[in-house]
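Take a look at this one; I'll ask things after.
Letters A, B, C and D mark the chains as written, and numbering starts fresh at 1 in each.
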Amino acid sequence: MALPAPLHGVIPPVCTPLGPHGEIDTASLTRLVHHLVDGGVHGLFALGSTSEVAYLTDAQRGTALETVLKAADGRVPVLAGVIDTTTPRVLDHARTAAALGADALVATAPFYTRTHPREIAAHFRHLRTAVDLPLFAYDIPVAVHSKLSPPLVRELAEDGTLAGLKDSSGDEGSLRRLLVALGGRTARRTGPAPGFSVLTGSELTVDAALLAGADGVVPGIGNVDPAAYVRLYDAARAGDWEQAAAEQERLVALFSMVDVGPEPEMGRSSSALGAFKAALHLLGVIDRGTTAVPQRPLSEEAVAEVGRRLTAAGLQPVR
Amino acid sequence: MALPAPLHGVIPPVCTPLGPHGEIDTASLTRLVHHLVDGGVHGLFALGSTSEVAYLTDAQRGTALETVLKAADGRVPVLAGVIDTTTPRVLDHARTAAALGADALVATAPFYTRTHPREIAAHFRHLRTAVDLPLFAYDIPVAVHSKLSPPLVRELAEDGTLAGLKDSSGDEGSLRRLLVALGGRTARRTGPAPGFSVLTGSELTVDAALLAGADGVVPGIGNVDPAAYVRLYDAARAGDWEQAAAEQERLVALFSMVDVGPEPEMGRSSSALGAFKAALHLLGVIDRGTTAVPQRPLSEEAVAEVGRRLTAAGLQPVR
Amino acid sequence: MALPAPLHGVIPPVCTPLGPHGEIDTASLTRLVHHLVDGGVHGLFALGSTSEVAYLTDAQRGTALETVLKAADGRVPVLAGVIDTTTPRVLDHARTAAALGADALVATAPFYTRTHPREIAAHFRHLRTAVDLPLFAYDIPVAVHSKLSPPLVRELAEDGTLAGLKDSSGDEGSLRRLLVALGGRTARRTGPAPGFSVLTGSELTVDAALLAGADGVVPGIGNVDPAAYVRLYDAARAGDWEQAAAEQERLVALFSMVDVGPEPEMGRSSSALGAFKAALHLLGVIDRGTTAVPQRPLSEEAVAEVGRRLTAAGLQPVR
Amino acid sequence: MALPAPLHGVIPPVCTPLGPHGEIDTASLTRLVHHLVDGGVHGLFALGSTSEVAYLTDAQRGTALETVLKAADGRVPVLAGVIDTTTPRVLDHARTAAALGADALVATAPFYTRTHPREIAAHFRHLRTAVDLPLFAYDIPVAVHSKLSPPLVRELAEDGTLAGLKDSSGDEGSLRRLLVALGGRTARRTGPAPGFSVLTGSELTVDAALLAGADGVVPGIGNVDPAAYVRLYDAARAGDWEQAAAEQERLVALFSMVDVGPEPEMGRSSSALGAFKAALHLLGVIDRGTTAVPQRPLSEEAVAEVGRRLTAAGLQPVR
């Protein structure tokens, strides 16, 4: 389907449910997509960090993307993460995603290798030229250990390389500078890159990002409560910033579930992904809370605590 | 003077004008304080990072603080930075600041040495016990290379060690989590630390911080245009978030002056401080734009560009 | 072929020559392998960082490994890098490498995702269990952004998970602590992990590593001058540390070729890999100095400077 | 006293014993200096990181330096650390140290503030011009968060700004590149900076640094066993590298005392300094193992373990 320009709204990074042997649980994934689309989201981001893309084999990535596309069934656009170390490897994923029918691609800067802004620009330009799909830059320094500067993003927005940015840098000052450089809250659509979409991945400050002029959000915890992010987005669009902030506060409280995993025993990724999946399991959306190898599972106690946080937020565990 | 609880509003970190030989230019500093107080600010933060505190000898620190206190003359509270590597050295500064009449102290976590959250907590508790002034924690990882976690700040807020936080971490998600933990936008004053003040040092996202429930802001570029931050604050207090965002956008554009220094030739600190001081000089507030040794001065061309940015923002250079 | 236990000596990470369209130049790669084996090296490390493994598609990785194995023809063991983000993806590479006939596997800690020592241990144990080949841990924090601690490596050495370590951490103090924990210079072979091999990837301090008891070296610039590293190794084995240090000094001077690339224009990886490949091209070993996309090529001037450094080191450019 | 050029040998960073209220224990400090000089050391480094300089008030720094100078009594040269954030503050310390009679100054790059190589060069040049004492650069990225590059050090060595380098960067490859650039093992004294002294602070790889051509070492654990470092140094000077390596191995084992502190409860600095001071107390050299506020003390169990490590190393606890 054609992508709105700019892409806007709530576009959750879809979790990837796994079966007992680490295989993709396509039935659960289908239910999760329905849960999200029924929640009112405006798009889906498959194969993102929250999808455990870094843990999925190429075959699993294909299965996951196919399943999301089939379940979405054209109701909302599906963006596909094409996460790999450098251009040639990303291109392989991009071609596969295009063949499967993804509506847009989402790529990070190169990682593992030490890189340079001019090389990062070349990377995105190569991708855009080689595969004819809208391309989003995924700025995630915690994973790739470099930051996309506002001037670099603006350059690639203006020349048409990028259709948008998913900003998971956590650097809200930098995001604000980019938005102002692109025209600000009132002149973005007549600015230097009129159709360019700015999406924040900072799920705890979405009201702020929307107030600053961002077009939407890619919230990991939106898997658990998509409707709340849609309410937040709608309040912001209506100019009801107090309501937007109130919705955000409730989601910040819910987000605290990522801390239930015992820090000395597991990585931050495991803890957050494990909590999201445990919540989806408790809510009856997916069959198991399993995370991919070598992540450590949440303890039973931690899962019980996730359940209490759901209840406190007014969500109804069914297990 | 007694500090409001919570301290709130616009509390700029006061630049420290220097004479031709690096000495404190007390006449210029006095004019700067008047410029700020006349601009409507609610407090002053002397001896902060933007004050080049790291470049001032102990004698100069004393001169600067005395000058600010005298010029403020009780019209607004004066917070004094007590920035040094560890507790015993910070205590020396704290005692001096108390003797000179500062209304509150602002201390970072230990730096230079590798430290631990339990040691950071002990650090603040020692300071609070030894000197009877309200104590603010200054969270500035870019300088001290550790981050104050929301649970640690909450602990020190609840037990009365801290009167407030100046958050220059740039981690707005973490700030939001702290605010929600303290009761959120509606229940902070009846929460676990009712008088605790949360001030953001992220001068590009102040509308967002106030929407999230922060009490005020410590903006470096507030030296140049204090009245604009006061308008931003007042709009936010009135619930006019669109106006607050518009003021913020104008200030983001003005802030771009920090980029005029040529990156390959000077540090980021030099560039930002040099631009702020150049602007104050061009506006006729201070006599020279000189920054402390070993920072490199802005080129003439860069200073001219600062002037153009002032004019573009509707401020009137007089030189 | 069976791997010596411990693996020892000079085991260069084999560069991957590319053709004009970025394809593997198998003829050049074959010549490079002969250049290395004729230089006296004790093993080959295919698909390492210096092999631009992060830039090679899966198909290209297969081609490169096959070519190296065929050219080596059993004269020296071939280790295969299985570099990818997490266990499931690494396993795919490991199975391919085993099927192609690699003699051992070399894997890093997970990257892109935030991980934890207990997860890293589980990662290596999964790999060792799933594929029946000797497994080397590749400690390269500059790429994966975590460090393998000496106690963790010792644990995995003692329980037989790891056959060895390739230490590219640059943390020689940590390496020394590991070596001492394993028995030190005189008691390693009767210590807790008698067959465990410690290889340094720090090509500028090989004399030091061998003096400390390391078993060998994986030197990137060993592609250019393998015989010199063999002389260094032989001198060390003979206890002639003065001669070993003299050889090392000559190689440090030669290594300065990695600085010829203009820093403001290209990444550190591009600069180093570009210099090694330019040198191999100038020496007539490979047909082109091309590096993979999106790395920037060395300028003509930089290539000329590489040539001068070769000549200064007594090597004979033929172009 | 005149400093040898180059300064060479074993120059321990002298621990600063404290009394029950955190005051300098000058009697213990005097005994410690005798312990070190009697152990054969070639110089003393007062007010370094291991001296807890970051925890000492200006008054305490003066007391400590005076005590060391008096106890050394001209038998060995005394270098004084002048550790502070930027040039003006460092200058205050430098003038005090000169007035007290220090033989040389040791200064880091600026910290707390973000700086630039050109500003760092200006910093050292200002210091050298303002105070007429030999100046050593102290490269300690773990504390100041910038690294002195070999070309920068060479520039400041060649123009006479620096008399030497204390390299605590842990980057042995960088150190080797510097040594080679200065002429290498055989031509340093006729190279571009003939009297320049290169001292390593990497106490676990001293044999390697000496093999590479370094002039000496500044070992923290040299407080505990100075004679062992002198034996190591003498063996290296005699070309007996096997013996040097054997001495180093014993010291690596002894160094493991820094791990006795429970990591979840204290900082790395506290743990290492606490262990060194506990060892000195157990050996009867100083009266208390107290470390400065806000560091946490070692537990009794940890102190007992320090005692066992001393005994294992053949040292004789007297308590």
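Going forward, contacts are C-beta pairs under 8 Å (C-beta built on N, C-alpha and C of every residue); 3 or more make two chains touch, one makes a residue touch a chain.
Because the structure is a prediction, the values reported are computed rather than measured.
Averaging C-alpha coordinates per chain and comparing to subunit D, the farthest chain turns out to be A.
One inter-chain figure worth recording: subunit A and subunit D are separated by 49 Å, centre to centre, where each centre is the mean of the chain's CA atoms. If you average the Cα atoms of subunit A and of subunit B, the two centres end up 34 Å apart. Within subunit B, not a single residue touches two or more of the remaining chains. Here the chains touching each other pair up as A-B, A-C, B-D, C-D.
Of all residues in subunit A, those touching subunit C in their complex are 22, 49, 54-58, 60, 83, 85-89, 91-92, 110-116, 118-120, 122-123, 126, 142-145, 265-270, 292-296.
The touching residues of subunit B, when paired with subunit A in their complex, are 170-173, 176-177, 180, 184-185, 202-205, 207-209, 211-213, 239, 241-242, 245-246, 248-249, 252-253, 255-256.
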